[in-house]
Amino acid sequence: MAVSVDEAVSTVPARDRPRPTRRLGGRGRSLVEVALLTVLAVLMLFPVLWMIETSIKENRDVYAVPAEFFGFTVTMEHFKDVFVGPDGGRSALSVAFLNSAVVAGVSTLLATVLGVPAAWAYSRFAVKARKDQLFFILSTRFMPPVVVVIPIFLMYRQVGLIDSKLGLILIYTAFNVPFTIWMMKGFVDEVPAEYEDAAMLDGYTRLQAFRRFTLPLLVPGIAATAVFALIFSWNEFVFAIFLTSSDSVRTAPPAIAGLIGGTTTDWGLVAAASVVFALPVLVFAYLVRKHLVAGVTLGAVRR
Amino acid sequence: MSDPVPLTTDPGQVASATPPAPGRSRRLSDRGLAVAFISPALLLLLAMSVFPLLWALYLSFTDYSATRGGPARFVGFGNYTAILTSAQVHQRALTTLIYVVGAVTLQTVLGFAIAYLISRRTHGRGVLTTLFLVPMMLSPVVVGLFWRFMLDAQFGVINSLLGSIGLGQVEWLTRQRTALISLIVVDTWQWTPFIMLIALAGLTAVPKYLYEAASIDRASEWFRFRTITLPLVWPLLLIAVLFRAIEAFRLFDLVYILTNGGPGVSTETLSFHVYKVAFLGFNTGTASAYGILMVLVVIVLTQLYLRYLNKLKEG
Amino acid sequence: MRYQQRIGRMSVPGRKVRLATAAMLVATTMAACGDGQDDGAQVSAPKAPATIPELTTDPLTLSFIWFDWPPAQALEDFANAEYKKERPNATIKVNTVPNANWHDAMFTQFAARKTDFDIAILDSQHIGEAVTNGNILDITDFVKNNIDVTAYNPYLLAAYGQFPQAETGQRDENARLYGLPLLGDTWTMIYRKDLIGDQPPQTWDEMISVAEKCQADNPGVSGLAFHQANGSDAAAVTYNTVNGVYGGNLWDPKTRKIEGVLNDAAGQEAMDVLVNRMKPLTAKGSGNWFIDEVNAAVAQGKACIAFNWIAASGGLLDPKQSTLGTTREQILDKLGFATLPSQKTNLVPLGGMGMHVSAYSAEANQAEALNFMKWFERADIQKKWAAAGGVPARTDALESPEFLNAGPFNQVYADSVPRMRDMWNVPEYARLVDIENTNVNAALNGAKSPKDALDDIAKEQQAVLDSSNRRGGGGL
């Protein structure tokens, strides 16, 4: 942690020079810093607040010039429209949210099932060319989606996976496995291998030792990793728009994008759908806030 | 708070944690276990990442089209020379370069500044960090749509605010310069928190005693920043920068939604151009070659990234 | 090969390289197999039976694909209400995709040789691509036996079904047909009666000067609003319209010449009118406007004269979305709808879409699709479709009170039918329109001079038409 001027001064009280000006300067600086932070925070959060505000405005107020910040009529209609279709049934958007949940959930589960054991193996065993293997695994995660989608499209059409949830699940799993391995390897490294060795001396096999002793200790790490995989799959757009087309398969990001470009754009609905869409991610992100640094760097950097 | 930042960069490092195998049979079963645990993940990656890329590599030497059908004629390096000599591609490459450099520089400066300011606070750090992180968690679709709404020249809130302080309307998305700037600004808005987060991790890891020593020496604030803070945080920051550069280079969705490459083609990035080649005319062969070239760039960037990760660990 | 070495270097062990080589071999064989399959596929479209095969009595869902706009919902509601009366076991589903993704969504499915729709609602210009690739059925014989072709304006029948393309205003009776009209459309001029008077301007020049005066008289209201976006076919249709009105041509279909035709003197004049006389009358920042933005500008009372597709104009009369009035009547007091002004010619853009049967849908569904099309083109159903808010194609339906009274812009459509001109419907359409869109958009937004933009369009489009024999790099 950086040390503020005041603290530095108080640690050496035996100075003979008069301090007030400097202390004042320090306090002034501190004020400037707080002000600066506030301004930056407002700048960063304004679009989010504006999104929330738009979602509860009536459509005629949405287009108002100059923009209305206060004193508009609050309506919950847009949120109703997100879930309820014009005919009273389920809206296409709510189906898309459900599809997103299924695709993100299953692909995260698969990535965890495939990735966690692999991470453990990479951490515990002297695998041949381990470093190269791990780097290779990570580099697959960096492929540009627009490039990958071309051969994936050709491949899927041979095996009939175009416009299917399974197709999306598989590609999301493939993008999440490298992340899961890297992230989980860090967590496994933190669990001393001696636990397993001791268990094995007690007669457990290696596998049993992993299941009984290491795995329970990994649960928080697995949860954090899974949440990041979930966020990636939930937010993904490129594969979703190129590999799916029917309402019954389409996930939320292309569905929300489809709200503009008709004959009229209901920005209130776009905002409400965005809020509903972003909410679970924010909640999940808050839950794993301790692991954010590792999570956003694909497990490469840890604290 | 003041723990140094451990990095799990060198997988060989943990080899020491592996106990010497007691017997031959044990080692064999370990190997079997390793293969059983690792191969499913690797097989999936081979099937979903390597195999498609190899297929694309094969197609990149042909004039195959996904819709026309008919045999794929072998054209040698025809696609590659056409792409590398195309003025259209050069223009997109320049746009991408400006975008990547502009966005990453801006978010690095801003992100580091915010992290520095936060690190100097003693109270409310957690809340502040969490608030700043919100943009990063949003889907690019939501970000793109919403900024498009806010940047609208007629009824967008940005121009409305500018108007209320006496400034005129700005055509954010429909002028050559401003459109690219808007793209950079939106990307910066979304990803500054990323740099901030990593810079903050670095800043909080700087050992306190270094500052105390410097403060006894009556070193100036700037001197301390330059000689203690920056050198210690820089390597970590570089990782973040490289990571962002790779991501920015791959960018597609934001362009697709915010400007659709316009005005004209002035915000078309390489990713966006590949999409047009691949899906407008279904020139699959050309698009594959284009894609392979982009992958080569990504691989170079990734190598740099990994090399720095290594160096950081060693240093 | 270079890439493979890289992979090898990254993952080192020789076994990896061998594995990769094996995978590459598999990839090559699989791709080769795929090619073999394509070889077998018909290069031209497969034929639909001349008579409708026996229909199933099992429950069946007949699926369409369209983009997300009100007519899609209208079609689904209409078909489920009316078609079900004759075929109780059939359910109609209209799948919708974002407009920007419409072409890609249909043609990626066609490319996959598997479609989740039975009837593709193609833009008239998509026909060439779909026919050349064998994606939709040849329904020439079916039409001969089941459809009364004399009931239509020949050009409407040709525009949504014929390939190769007919000459403007005509139909070639020997050409093959691949679709039937679903929804007719063209541009309407939307004008503010309260600002410019009840009489719409008659010539393009007059329209521009009226807009100029209106803009000067009414601060905060811009003279014109029209499509300028670089996506879909937005900016391209705008230029094509002005090009037609000023006597230009998009190409010479016989010699497949664009260079020198599109950018001749008339073409240059049209581009000059569009960029230097019309664009200055539009709102600042309107350079990415398409259907919805133009509608919003009209509904917000921010435009004197606007141009939009008729089928997309219904929302303008909805008081909930308008600041022009609290009832439909109040809005209609202020908004007028007219056919486009003419100048050197009276051409207007042909819009709308046809119904085309997917070659990859199941036989029972194809039979149902043909039956639906026959049903849809019946005189009584066409009138009901008109009453339900659709735009029919049969002449008797177009002249019926059911149609003319259903909306204030329907008379505009009926009057515009003999004046229509379409774009090229060649297989290269998607690339041609992208070239035109991006360049017109660049000219409108000052990223290119009008002359350069037009010359670039002509040069690049010509290169696309001529590129069929190039070795490598196609599509750049």
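For clarity, chains are labelled A, B and C in written order, and residue numbers in each chain start from 1.
Here is the rule we go by: a residue touches a chain if its C-beta (ideal position, glycine included) is under 8 Å from a C-beta of that chain, and two chains touch if they have at least 3 such contacts.
Since this is a predicted model, take the numbers as computed values, not measurements.
Using mean Cα coordinates as chain centres, the one most removed from subunit B is C. Just to note, of A-C and A-B, the chains joined by more C-beta pairs in contact are A-B. Subunit B and subunit C have CA centres that are 37 Å apart.
Spacing of subunit A relative to subunit C, judged by their CA centroids, is 38 angstrom. The centroid of the Cα atoms in subunit A and the matching centroid in subunit B are 15 Å apart.
Touching two or more other chains at once are residues 63, 133, 135, 139, 153-154, 242, 254, 257, 260 of subunit A. Each of residues 50-51, 53, 55, 59, 66, 154-155, 279, 287, 292, 295, 299 in subunit B touches at least two other chains.
Within subunit C, residues 7, 10, 30-31, 100, 104, 108, 111, 231, 296, 300 each touch two or more of the remaining chains. Residues of subunit C touching subunit A in their complex: 7, 10-13, 16, 30-31, 34, 65, 67-70, 73, 95-101, 104-105, 108-109, 111-114, 116, 231-232, 290-293, 295-296, 299-300, 312-315, 320-321, 323.
Put simply, subunit C touches subunit B in their complex at residues 2-4, 6-7, 10, 19-20, 23-24, 26-28, 30-31, 35, 38-39, 41, 43, 100, 103-104, 107-108, 110-111, 129, 132-135, 229-231, 283-288, 296-297, 300, 302, 428, 430-431, 434, 438-439, 441-448, 464, 471-476.
Put simply, subunit B touches subunit A in their complex at residues 1-3, 5-12, 14-15, 17-19, 26, 29-31, 33-34, 37-38, 40-42, 44-45, 47-53, 55-56, 59, 66, 110, 113-114, 116-122, 126, 128-142, 145-150, 154-155, 157, 160-161, 163-164, 189, 192-194, 197-198, 201, 203-206, 208, 211-212, 215-216, 221, 229, 236, 239-240, 243, 246, 249-250, 252-253, 257, 271-272, 274-275, 278-279, 284, 287-288, 290-292, 294-295, 298-299, 301-302, 306, 309. Residues 1-5, 8, 11-12, 30, 33-34, 36-37, 40-41, 44-45, 47-48, 50-51, 54, 62-67, 114-115, 117-118, 120-127, 130-131, 133-135, 137-140, 142-155, 170-171, 173-174, 177-178, 181, 185-186, 189, 192-194, 197, 205-207, 231, 234-238, 242, 253-254, 256-257, 259-260, 267, 270-271, 274, 277-278, 281-282, 285-286, 289, 292-293, 296-297, 299-303 of subunit A touch subunit B in their complex. Contacts from subunit A toward subunit C in the complex involve residues 59-60, 63, 86, 92, 128-129, 132-133, 135-136, 139, 153-154, 156-158, 160, 162-163, 241-242, 245-247, 254, 257-258, 260-265.
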